[in-house]
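Listed next: structures, encoded as structure tokens.
First chain A sits with chain B, and in the next complex the same chain sits with chain C.
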Partner chain A sequence: MNFKKLAALAATTALCAPAAFAADMANELTLVSWGGAYQASQQKAYVEPYLAMNPGVKIIWDESSAEAVAKLRAMNEAGNVTWDLVDAVASDSMRLCDEGLADELDHDNDLAAAPDGTSASDDFGDLLVSDCFVPQIVYSTTFGYRTDLIDKPDSVCAIFDLEKYPGKRSLQKRPIDNMEWALYCDGVAKDDIYEVLGTPEGVDRGLAKLDTIKDSVVWWTAGAETPQLLADGEVVMGSTFNGRLFSAIAEQGQPIGMLWDMQSFDLDGWIVPAGLPADRKARVMDFLKFATDTQRLADQAKYISYGPARASSAPLVGKHAELGIDMAPHMPTDPANAGNVHVYDYEWWADNRDDLDAKFQAWLAK
Partner chain B sequence: MALTPVENQTPAFTAGVSAVAGGFAGLFVGTAQGSGLMGILIGAALMAVIGFICAGITDKEKPVRWALLAAFTVAGFALGGLPTAVLGILFGLFFGWFAFWLATSRYRAHLAPYLTPGQVLWHYTFRVICGAIFVFLITPILVVMPLSFNAQDFFTFTPEMLRFDPEGYSLKHYRDFFGSDQWQSSLRNSLTIAPAATLLSVGFGTLAAIGLSQPHVPFRRAIMAILISPMIVPLIISAAGMYFFYSRIGLQGTYFGVVLAHAALGIPFVIITVTATLVGFDRSLTRAAANMGANPVTTFFKVQMPLILPGVISGGLFAFITSFDEVVVVLFVGSAGQKTLPWQMFTGLREQISPTILAVATILVVISIALLTTVEMLRRRSERLRGMSPS
Partner chain C sequence: MSDSTSSGPVLAADGTPLKRSLARALRMQKMRALMLIAPLLLFVLLTFILPIADMLFRSVENQIVSETLPKTVVALQDWDADSGEAPGEDVYAALAVDMKAAAEAKLHTRVGSRLNYEKPGISSLFRKAGRKVKKWDVENGGPFKEQFIKIHKGWGDPDVWRTIQTYSPRLTNGYFLNAADMQKGADGAEWRPENEQIYWTLFIRTMIMSLAITCSCIILGYPVAWILANLPARTANLLMILVLLPFWTSLLVRTSAWKVMLQQQGVINETLVWLGLVADDARLVMINNQFGTIVAMTHILLPFMILPMYSVMQTIKPTYLRAAKSLGATNWTAFWRVYFPQSVPGIGAGSILVFILAIGYYITPELVGGTKGVFISNRIAFHISSSLNWGLAAALGTILLVVVLILYWAYDKIVGIDNVKLG
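Up next, the complex of A and B:
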């Protein structure tokens, strides 16, 4: 048997395999995601091609990722899991995995290998932060500013400089990122941030720094708020997810600029809820393998400016599907943007989250 | 019709009252410009002068009012273009009329002659307070409507919109609503769930109301209290309870489950409205029907039902609106397959602040107004038929 024949055989097996098992798979799939432009990118990059390959399958979206942990707990308690595949941020997926609410995966067997044969676990590399988690994208929380209302800031510390950059700024209503930025701008070296933040004095120091701008801060909870506030001119700068800013700048033509300094990287990906019946689980695993392959993750970047989580997808990132602009320079992982990044420490936060949340909320209420 | 003979007021009185009104208007204009105090001072001074002049020339009312209108319009246009010119026209119309209304004592003419000045003042202050409350209640809805025609994807009055430039307006959010699968499927879900829930509520609610209005039923008050409790218990508690209960019996995440949950919420409205109409129902009519050989079912449909129909229909409309507007229970009892319109709006507001939500809100406000108008007309008809004067 020569090589060509072998390749053809492999291709037919690959094509026939899903069809052969289709009888054992559920035909309905409930996907949970974040809504908005991000869900639209998933719809176009993986769901529509998957439906084209599997006519007869029905996909239902539920925009409930924000309360994924609480809802999965309730479903588990009620013994009635209605979700099939859930999009969650890395820290939520770690919690779900620890509580046994998400299934552990065998990444090399369950996921597609890279086109050059690299195994999935090597292709995702360090981004596989939990056994239950299949990362899709790298996103960052970073700052946008009104180009017509203030001078171009060149450092994240501009948020603490009310004299040079007067006006309101919007920050996320949680201690994560804000505390790190505060300490960094108070003169703590980047590598020492978590060491300082681990002491009560460090927490006080961070809050004291935030205190200097407390009266000028609008606190947000949903990612859409900062673009809205910036478009209104209600704030002159504000933090949000980089894809939201990209869409306000490139798609809506708002006078907003990006400040990439000290952007905070985070991951978002899929988890499979524990306790699915066999037919639904089979459908989920089939979809998951397709939706997280190299080409699909690269395709997603055509619709939204989040970096694909596979190393092998990065070279395939092309142009925006409608605007035709190169997407690579808008990715948080682009070298020009990633000059000075803040790597958010999941494990540190998993251990200290409850404590800092309480202190942060108490400070907010003061 | 003048109740009280009146004379023209002194210039000092007209100037004084005009100044108060001018100061009040100036407060808003001034606050919008950054200094409420300056606004009050300028508004009061301007209106004092206008009031003083008008009081001196009450015989030339028409030309003076036209001149004031023109002056305000031109001043508005000079200050900020078309939008402020419209404001100027409104101010010119109002204050021209106001100054002469005071100066010629027209405000006093139709009030009873024996009222003291204090009572006259209260008469008008009361109206101003009512108007202010009305504005306070209605403004949020009025702001939403023009924003839904925004050409941009933000909840923002753009400079183009404020200039009344057609470029700044568009129907794209309405197109988005009618063209998107997500919105259309949630509209379909709402339109199938709400009528089914309404039918159940009306059926059960009407039967319960009739049964509970029979004097011989034991524990009437206790049963009534239990049936009305979904209206009183906080929604989130009913919702969480229903979630766990429906999960156990396999109704969670089904169309029928959502319909049942909404019916439970709608029943109290039907019971209350039907019980109210039954108060005016003459029980001797059913006895007369029985006397003539009609069985209870025939009596119900031929005699009782037509008479209490307005109450049934208005209860049904309330039940419909309850189900159509409901978001908390459906978030628990439904799954993504039963996503209703309010659910879609709720997630839309959180994840993507898009004016499509405002377009949907505008459509829903129009529908609600139509439904409430129907209820009110039915109520009046029922009172007319029962010989009560409509109030």
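Up next, the complex of A and C:
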């Protein structure tokens, strides 16, 4: 019996007799995530309701998403995959899919349809960037600035304008996003960015633009660094994930403003490791279907300011669970914020990431 | 009978020759000794030596190409890479067969990622082709050349085929070339373009900065160890806790504390500005550069220097110094000619510990090193956990290991490894 039949059978049985069904599924589920506020939002939005429905199940968290790709590869080589469901950013999910470390999914069969009957693949739309990937949230890498130290910038190109906005800036220590912003601010049209970046001259042009501010940049590797640097006054503006800025502004009341111009959308979601035994896989698929349905993704936005990946979830986004503020205006996907966005080309970066990274690091070390 | 006993070998009590009996007893003894250390030996072998050997082997291993594309590799042998033209139909037909098999086993994208390290763009060629070829009839659906080029024009690019051909042997020196800022060009190894050269810089920087860290540890640690060794035991133990205290604090906490101290809006700069020693718009840059890395790492590694020095200095008898002075030596001569030579083994042990630990550090340089203060280990970590180019990481690791062994050998020649003591 192949898996699809098993899953179909399982699904029908689940409707008729949940108790009988539970016996075919493992009762332990190891979820891998990022820890911190993000994992807490997953815990509250999907794990707790799922446990309430399935009292016999035990969920174990592993906060290893940052090194998930390498660990999953090592586990796979050792023939002992202990993880059941792994949270990964979209580019990592493509890598895992390419390496055969993640299972390909049939999105329409494996995931719940929207309440109005729209199939899952239509509901997620373009966000299904890889066959192995189920997106949960849309986040963006965007800029925060000190409202008390510099004038309000209205364009992302403020990072390259040292005269009008003096002071240090923090940027992520990788070519992704920075190269695109550099070319955009050097006058390349948004639609041509990847075409230009694909040529050696384009890379030089991007690095030359970054060179103009190189001495004023603090490079970060962990998402928490920029909010801290902004709070200390060490930098006057800096890029980071929008959720980090939200908590610095709304939860900690720091004098920081959001600059949404040319924010770079990215996705975070689940992948199912390849080679799980049937009982564990059945449990994973059951959980996955529940945890990525319309209501669950909308619920997650109560706890963190990341946009739900399903189109059908957007109208259901409500207020912050503790602060009571309306969450919609803080979502990167909100129309007021998404006026001018940069759409990240996953396929292009999967091809060119290693090459560009070598050039970027060589440039940094110079 | 009696003749044979007198001229034959000496016999043991049980009649066997004494020599054999002795050898057996010795063998038994050796076996017993081996049995006693067997658990540890096995443990070290299984958990340390084998994984390292396996990891090092990855630096030359390249079976994936010939295993996943066996027919293509054979068909490609006769193709002349310098012809400037894509190979003929036979190669494409072989590729179609290989690709279909690989796509069904979901292996095609792995080869794609492997070759993408050498030529950007190949990973999407394989990803796209695999999807289509899965549906092809590879027996009689030909000709395949046009079909491949229709999927992506990259399949008609001779450079792509050159890369496949260059990386088809089961073993490769490509990772090592890459680790030395070189690449396989049309005629053998050649330097990479200047804007991609980084590893030499990083290797040299790692060595120089590790040396600087070791030296500053010696300079700061020596007086501390001397005081500890010459105080009464009660006070010394109390002070020893102060030396060990940082040991018990998380590495990340200590590193972050240095950020708070050294950054431009940090404690030191604020104090200097308040004292009027530094102008407000000319605050010192002490972090996110080499200085920050050296300060933070010296602090973190200092106990590894102080402890061996301390235990060696404790064994130096104060009577030697007194004897030297009674014979007319000045304080300095007594120290330099009598005390210092005896403390050298402690310095040696501490230096080796600190230097080798420093070479392998990457969290601290990543956090406080900015762009000029990062080490080769940061790149190794990047290739292990992020780019998944484990072959390159293994090559870099192997080079680092060899460099450390050479330095160890040089140290043995210059100072002598017998001259290292932990107490």
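Convention: the second predicted complex is superposed on the first by the 347 of 366 C-alpha atoms of A that agree within 3 Å, B and C clash if a C-alpha of one lies under 4 Å from a C-alpha of the other, contacts with A are read in each partner's own complex, and residues count from 1 in each chain.
As a convention for this text, contacts are C-beta pairs under 8 Å (C-beta built on N, C-alpha and C of every residue); 3 or more make two chains touch, one makes a residue touch a chain.
None of these values were measured; they are calculated from a predicted model.
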{"item": "Fit or clash between chain C and chain B when superposed on chain A", "value": "clash"}
{"item": "Touching partner for A:D355 - first (chain B), second (chain C), both, neither", "value": "second"}
{"item": "Chain B versus chain C as contact partner of A:D24, first or second or both or neither", "value": "neither"}
{"item": "Superposition-derived comparison: chain B or chain C, residues of chain A touched", "value": "C"}
{"item": "First (chain B), second (chain C), both or neither touched by A:E322", "value": "neither"}
{"item": "Contacts of A:D232 with chain B and chain C, given as first, second, both or neither", "value": "both"}
{"item": "Partner chain(s) touched by A:E99 [first = chain B, second = chain C, both, neither]", "value": "second"}
{"item": "First (chain B), second (chain C), both or neither touched by A:E347", "value": "second"}
{"item": "Which of chain B and chain C A:D192 touches, first, second, both or neither", "value": "neither"}
{"item": "Residues of chain A at both interfaces, chain B in one complex, chain C in the other", "value": "66, 232"}
{"item": "Chain B-facing residues of chain A, complex", "value": "30, 32, 34-37, 60-64, 66, 74, 77-80, 82, 222-225, 227-228, 231-232, 252, 254"}
{"item": "Contact set on chain C toward chain A in their complex", "value": "106-107, 109-110, 112-113, 116-117, 120-124, 127, 195-198, 201-202, 263-266, 288, 366-367, 370-372, 374, 379, 382, 384-390"}
{"item": "Contacting residues of chain B [partner chain A, same complex]", "value": "152-156, 182, 243-244, 247-248, 252-253, 335-337, 339, 347-348, 350-353"}
{"item": "Touching residues on chain A, where the partner in the complex is chain C", "value": "66-67, 69-70, 73, 95, 97-100, 104, 168, 173, 203-204, 207, 218-219, 221, 232-234, 347, 350-359, 361-365"}
